[in-house]
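Here chain A shows up in two complexes: once beside chain B, once beside chain C.
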Partner chain A sequence: MRVKFWGTRGSLPVAATAGEVKKKIIAALEAANGRQFTSNSEIATFADSLPFAVVGSFGGNSSCVELIGASEEHVICDIGSGARPLGHAKLAAYGPGKPQTYHFFVSHLHWDHLMGLPFFVPIYIPGNRIVMHGCHPDLEAAVRLQMSAPCFPVDFSQIGATVEFDILEPGRDYEIAGFKVRAKLQLHSGDSYGYRFEQAEKSVVYSTDSEHKLENRAEQHTFIDFFRKADLVIFDTMYSLADAITVKADWGHSSNIIAVELCQDAEVVRLAMFHHEPIHDDAKLCSLLDETRRFEEITRDGRAPLEILSAYDGLTVEL
Partner chain B sequence: MMQINTRKQGDWMVYAISGRINGITAPQLEASLRGSIDAGELRIAADLSSVQCLGSAGLWVFLAALRQLGGGEFRLLSPTESVREVLDISGFANIMAISDSLEG
Partner chain C sequence: MQLTVSQHASATIVAPVGRIDHASADAFLAQVQTLLATHGPDSPPLLLDFSAVDYIASVGLRALMVSSRQAKSSGGKIAIVALQPLVQEVFNIARFNLVIACFDTLESATKELSACE
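Take a look at the complex of A and B:
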């Protein structure tokens, strides 16, 4: 199984500012330290040697994660703005002449998790089949509202693909596109749902836009059970713990500290930090990753190490 | 495993804590702190110089004590290097008073 991240930003898509680009150029020139290059390939090799915060980027698209398993049908968590490049990639791979089936698992109905649908080109191609899975009874109404005047110029009724809506029951196992799938209710304004996917003895949990109240230890145990021995947990680490439980309490998000502790207790193999705060630049997100790894090390207490990565747009994780 | 020893130092109630403050041990600390606050203590310090490990459950207990004290004062004393790192990483270093002594 592979997991590909198409959008990893929380709340709102963002783009790098001119100031951030300038910082990267300055850092690269400092690293070059007057060195002379004799070919483009030598420059490219040098660029590849630079730290991720200088040569790479977390990107700015909102939530969209693809699970690539054994089925030819496509499985995608959330339809944030990352669905736009995903749609272009699918079109490039399959063209308009080979109908495809896309399964979207929707965590909740806030716009950053739905806004990519009108820009997901495969929905305009007749023959394609789109299945929207979710636990919100008003999933279809929200999708139709987004693609109606005055929100968007193309009405939902004008799209070419066939669209089905499949309302799931949390806590129940389903077989969908070759995956065993189970949803779990999460604490978020208007509710959100996490999804656990299992296939061929590999498991992925997609758990974003989920607040964890420290005073509610019983609730934490339900998440430990949900995450149990997962190969990858994709987790909302938008805020610091201090912010998440004080000034941003009840905003519906979580922290790197809670992510690590739940994953440690659940014996998770790998944690992907996700739903990045829009105000954080690449350097800050890299710093947060380092700190999170350090926290895991400090609190490991004889357990197997938890591998931690910070998801970025374009990252593929092989399980 | 966690141990708590309390002592009065001037008008401060000092909690000398040793061991690990985690989901298992934090309720004991929480109950003890609440007892002191209910008994009228207004200035409480948690001496962390012998704490080996601090997790979110412990941080939550500190925040709860700070809130319960209202107009009183809650302070973290002499955290070990790793506990200081946790305070920094969690952002608690920005919202809690931390010093090496009660005079600091």
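Take a look at the complex of A and C:
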């Protein structure tokens, strides 16, 4: 199984500013330190040696994560703005002449998790099949609303693909596109749902827009069970712990500290920090990753190490 | 987790020992809240001596946040002193130095908090 991240940003899409690009160029030139390059490949090799915050970027698309398993049908968590490049990649791979089936698992109905659908080009191609899975009874109404006047110029009724809505029951196991799938209710304004996917003895949990109340240990145990021994947990680490339990309490998001503690208790193999705070630039997100790895190290207490990564747009994780 | 309380002219010193985790955070909070119940603007500062605390989990940090809020609501002063290096790191990563005042020593805490009066 592979997991590909198409959108990792929280709340709304962002783009790097001119100032941030300039900082990267300055850092790269400082690292080159006057060195002469004799070929493009030498420059590329040098670029690859630079830190991620200099040569790379977390990107700015909102939530969209693809699970690539054994089935030919496509499985995608959330339809944030990352669905736009995902749709282009699918068109490039399959073209309009080979109808495809796309399964979207929707965590909740907030705009940043749905906004990519009108820009997901396969929905305009007859023959394609779109299945929207979610636990919100008003999933279809929300999808139709964002593709209606005055929100968007193309009405939902004009799309060419066939669209089905599949309302799931939390806590129940389903077999969908070759995955065993289970949804779990999460604490977020208007409710959100996490999804656990299992296939061929590998498991992925997609758990974003989920607040964890430290005073509710019983609820934390339900998440430990949901995450239990997962190969990858994709977790909302938008805020610091201090912010998450003080000024941003009840905003519906969590922290790197809670992520590590829950994953340690659940014996998770790998944690992906996700739903990045839009105000954080690449350097800040790299620094948060370093801190989170350090926190895991100093709180490991004899447990197996928890591998930690910070998801970025374009990252593929092989399980 | 053990906890001792000693009254001094310039401060009330609460000294927990060991881990403040899921097993001990509730009891720690209850004891601090009991002390804070009689804490007011005219009381000497309540100083949490963390020199013997070698681990704090998120629930322990929440207990500190709740204690800090209670102290502020009654006009009292609360601070942490003598964090061990690893616990200091946890505070920094969790950004808890922004939630509750931290000092290196009891002397610096009492001096600073007295100056705020």
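Criterion: the second predicted complex is superposed on the first by the 319 of 319 C-alpha atoms of A that agree within 3 Å, B and C clash if a C-alpha of one lies under 4 Å from a C-alpha of the other, contacts with A are read in each partner's own complex, and residues count from 1 in each chain.
What we mean here is this: a residue touches a chain if its C-beta (ideal position, glycine included) is under 8 Å from a C-beta of that chain, and two chains touch if they have at least 3 such contacts.
None of the values given here were measured: they were computed from a predicted structure.
When both complexes are overlaid on chain A, chain B and chain C end up clashing with each other.
Shared-chain residue A:Asp243: touches chain B and chain C both.
Of the two partner chains placed around the shared chain by superposition, chain B and chain C are both touched by A:Glu261. In the superposed model, A:Phe295 lies in contact with both chain B and chain C.
Applying the stated contact rule after C-alpha superposition, one finds that A:Gln146 touches neither chain B nor chain C. Residue contacts after overlaying the shared chain place A:Ser71 against neither chain B nor chain C. Contact with both chain B and chain C is seen for A:Arg217 once the two complexes are overlaid on the shared chain. Comparing the two complexes, residues 214-215, 217, 240-243, 245-246, 255-258, 261, 291-292, 294-295, 298-299, 301 of chain A contact chain B in one case and chain C in the other. The touching residues of chain C, when paired with chain A in their complex, are 22, 55, 57-59, 61-62, 65, 86, 89-90, 92-96, 98-99.
Considering their complex, residues 214-215, 217, 240-243, 245-246, 255-258, 261, 291-292, 294-295, 298-299, 301 of chain A touch chain C. The residues of chain B lying in touch with chain A in their complex are 20, 23, 53, 55-57, 59-60, 63-64, 82, 85-86, 88-92, 94-95.
Residues of chain A that touch chain B in their complex: 214-215, 217, 220, 240-243, 245-246, 255-258, 261, 291-292, 294-295, 298-299, 301.
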